[in-house]
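My questions all concern the structure below.
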Amino acid sequence: MRLQVEAISAGYGRVRVLHEISIAVDNQRVGLFGPNGHGKTTLLRTISGLIRPTAGRVIFDGKDITGRSPQSIVGEGLVHVPQGSTLLPRMTVLEALTLGAYSRRAWPRRRSTMEQVFSLFPRLAERRAQRCNTLSGGERQMAAIGAGLMGCPKLLMLDEPTLGLAPKLRAELAQAIHAIAATGVGLLVIDQDIDMLLGLCDRLYLIEQGRVALDVVDRSAIQHQDVLKRYFGSAA
Amino acid sequence: MKKDWTRIGRIASIVVVLAVAAVAPLVLTGGVAQNLAVLSILYAVVASNWDLTLGYAGIFNFAHVAFFGIGSYVAAIATLQFGVPVWLDLILAVVVVVAVGGLVSALALRLRGIYVALVTFALTQLCVALINSAKDITGGPVGLIGVPDLEIRGFELGSEPHAYFYAAEVLLILSTIAMRWLATSHFGLSLVALRDYEAYAVARGIPARRQRVLAIMASSIPTSLAGCLYAHYLIVASPDVFSFSLTTLLLSMVLVGGAGTIYGPIVAAIVLTVGTEGLHQLGNIRYMIVAVLIVLTLRFLPGGLWSLWTLVPAIRRRRATRVPSPLAEEASS
Amino acid sequence: MSMQGSRMQTTGSPPLLEVASVGKSFGALAAVADVSFALRERDILGIAGPNGAGKTTLFNLITGTPFFPDSGRVTFRGTRIDRMAPHRIFRLGLARTFQKEASFANLTVEQNVSLGATYGAGLSGRARERAVDAALERLDLSAMRRQPASSLTVYGTKRLMLASAIVVGPKLLMLDEPASGLTASEVADLQSLILGFRDDGMAILLIEHILPLLFGISERVMVMDFGRKLIEGPPSEVARDQRVIDAYLGGQSEAAHALAG
Amino acid sequence: MGAIIVSGLVSGALYALVAAGLSLIWGSLGVFNFAHGVLLMTGAYAAWWISSPDGLGLGLGIGIVGALAFMVVLGLVVYLLLVRPWIGKANAELAVIMTTIAGSIFLQNLILEIFGGRYKTIDQVVTGTVAIGGTTIQAQNLLVIILAPVLLIAMWLFLTRNRTGLAIRAVAQNQDAAQLFGIGVERIYIATFSVSAVLAGVAGILLGGLFNISPDMGTDPLLRAFVVVVFGGLGSLPGTILGAYAIGMIEAFSSYYIGIYWTPVVLFVVLIGVLVVRPTGLMGRPT
């Protein structure tokens, strides 16, 4: 088991967002979906060490990484690409990618990794001298994922990679994510686009109110309509 | 029942404060002691006024001590250079300081946070520069000496040892009543609202800049009067009142005493003024001790000395509905 | 097409709120571009769209917090408000809530509402007390009136934000994702509250990601994408629109059909 | 005219060194270090004590190196004692203003206790005069004029090429993202403070070679640096440097043509003028 989240509780101040949630990521691609504000992003932030859980354990590659600093978790090869448009607004693409390889494990390999990133996202190579805040939405997303790859991840966590992208770009990005998965990097992906998740992932978790509301292990068994009903049923 | 006790407690503390105020000048008769008392009371006025804008409104107005200094210079210049009769110079000082405060804050409050601190700080420096460059009127770096005594029907306050002591006390009591009244009124609540969440406050009809400018103007009134009394009492107006060290001392009174309480800075003004004077024989080391105390207070008692009071459980319960110090927020959660 | 739609609707009575070709850019990014719509009294207009489509920015442009539009006009009750300070806009009867639960955490629940009454409606004395009591009662906050606002739950804070808005009797209530982070029963409660406000004579402008709520109570829905208005129309029509499905609903479209149909 | 420009360049260079340090800390930590002026003074004293025959007498070279090494440690101490406990807390801005002021009171009086209030002098790094065009320049002045830009360019290269330098900028722009890159924010804060303290130390040593050194020698440069960072915009290094030279020049010209006492008035008027037009300074970003 590559990543195992065992009964994690976490939140911000007095507000508890995650309630003893458990998920598992084997050598497979796992998707998280569910309504906004129900804890998907908080879960990733807890796994990557930005938030300290109040209970539960996170185990990565057999090591207990609960409560460790984000720095040391990145060092283990668990890389989180956060949601949001611009990672480092006033840095060039080249600088941002270089920084992606900051961890001791990735730094010596940064040149060869960058070649790989550029071959995956040729557009980034063209834009390498440009500041991140002048990039288009799709390019920003590519830069963010590219910087994540620079960390030489064993498991890559992507938070809404297709957010705010037009359908064509979305398809393009989904293809790139497939290509990343094909290299053997594990994936844990949050997205609102269920079709994309269904095409990409072997396993899906529906997260509601900080808990796993549905765990779909066998993709062929997913009744599209059922999932959607479940999704919208929460408020209806 | 509980309410009765609250009320009795309040009346009792008012009686105690008034009794102490009445008796203190009669007890503290030595020249040094009296001097220290008057000074600490005037500092208490300035620090507690500053608390309205810094603690409640969260404005980094570093020109507050300049209001005190301008007050003292208006008194000195008006009486010495233009022969304005005493008492009238007090009114003049209030008018000038309120005007300066309003103008500067209207400009400075276009900015936010640290920029406000830096620009208002620059204003204080400007005052020193103006005093130095307009020597003929201000006396330059030496200052103005011989500010006339305040008098009532021929009775000179300086001729009676207790008179300035009482005058300073009256100013402090009136100023404290005014500041507490302002701070707990809807005006004060609006300042706290703006401090805590400006976008939300303006979306509920609170005019941000106007409220803040008004707060600064209000806080400058007793402060300018304290400056006048200071000049009349010491008979001098000196550019030292604009120094970085006085600003630092008064700021530490606000923060060590407890920002957002009005009372805290008064307590700290007395403690710090008397304390640094009491350690007189230590020379410069006393400033080092004060510096360490400031850091320790901010570290371990972020609500200031006044928050010690709330460690008493009964009072803490009552205070739960009041406005806590901005620095104490994190500590309580 | 959508422009025509809104014009047609405005021919009857003069609109309460009219937004005409409003735009705002941050550097190279056009956060809101050429958005127009109109709202009559007691209208409920829902606004949907992916994150980052410019919905909240549009709210900020209408209420002047914390910036003004680069281009276009906003008219509320016949008065131009696109260059007006936010506190004046509130006094005209346009109240908004914020996406993040906001409160004046250091003040009590009652003081929070009382500030709105004082500065929004110029009330004082008994009139203010009555208005505050009524608003607290309406949002079921009377029991907590003396507690500090920071002690409220998420839904409690959201209700407090509504109480401080309705205490002045606004003509238009703009709600920015009011249901995010709420439980199902709280969403249901919120829904009846919103409909109640409408019945009291307020128009509602609602940004919401929880589609059953949005499609359930809106008379019309506007979908935004990339800062632009994609479509505006009755919920059933919007849910079937191919552009909306592509840009926003995606896999959710079938469910949206079911809901709208 | 030549003399005025030289004086403006010297002041501008010194202000740039001082203000760049302030700006760097503001950019990454969002706090303002009021102890910066006292750091400058301490650097000068350290260099004097190590180099002067009245102190250790090890000569100027070792004095400078030793003083700068000392500044690295002092930056660390200031960060750990006066800044770190408040980072991320409510009102960190105000608390750190106060703690750094307290720290500067402490250091200033400590120096006064140890070395007394009498003026001291550090040897000039270079002596003599140089004639350029029609103007005779003190060699030390020329050194300041040349060295400051060299140091600032070195700092720029450090911030754009070096792994740690890039990390400093990353932390300033987006702390969460920086952490997710594996950057230890704590280490970067320490590095930022140390770099800033070294810049203050360099300014102190250069200033000490031009004027006497005394416990309050840091006050004026700090006050000028305030004007500079507001003028140029906090957190923007190019803005800060531009602001520093602009202020240095304005000061030099107004001292000559209007009078030295009126110079602060002129500066204040210029400052207010800039802020009315651009409330975040010439090149600053909103906070």
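Per-chain numbering from 1; labels A, B, C and D assigned in written order.
The rule is simple: a residue touches a chain if its C-beta (ideal position, glycine included) is under 8 Å from a C-beta of that chain, and two chains touch if they have at least 3 such contacts.
Computed from a prediction, not measured in an experiment: that's the story for all the values here.
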Distance between chain centroids, defined by C-alpha means - chain A, chain C (Å): 32
Between chain D and chain A, distance of the C-alpha-averaged centres to the nearest whole Å: 42
Length of the line joining the C-alpha centres of chain A and chain B, rounded to whole Å: 54
Where chain B and chain C are represented by their mean Cα positions, the distance between them in whole Å: 44
Interface hub residues of chain B, defined as touching at least two other chains: 329, 333
Overall pattern in which the protein chains touch one another (line/ring/star/complete/other): ring
Complete list of chain pairs which touch one another: A-C, A-D, B-C, B-D
Residue numbers on chain B that touch chain D, as the complex places them: 54, 58, 60, 107, 110-115, 117-119, 121-123, 125-126, 128-130, 132-133, 244-245, 248, 251-252, 255, 259, 283-285, 287-288, 290-292, 294-295, 298-299, 302, 326-327, 329-330
Chain B contact footprint on chain C (complex, rising order): 63, 65-66, 85-87, 90-91, 95-96, 98, 102-108, 111-112, 114-116, 118-121, 146-148, 150, 161, 164-165, 168
Residues of chain A that touch chain C when the two form their complex: 15, 35-38, 85, 133-134, 137, 160, 163-164, 166-167, 192-196, 198, 209, 224-225, 228-229, 231-232, 234-236
Sites on chain A touched by chain D in the complex: 48-50, 69-71, 74-75, 79-82, 86-91, 95, 98-100, 102-103, 106-107, 147, 151
Residues of chain D touching chain A in the complex: 160, 163, 166-167, 169-170, 173-174, 176-184
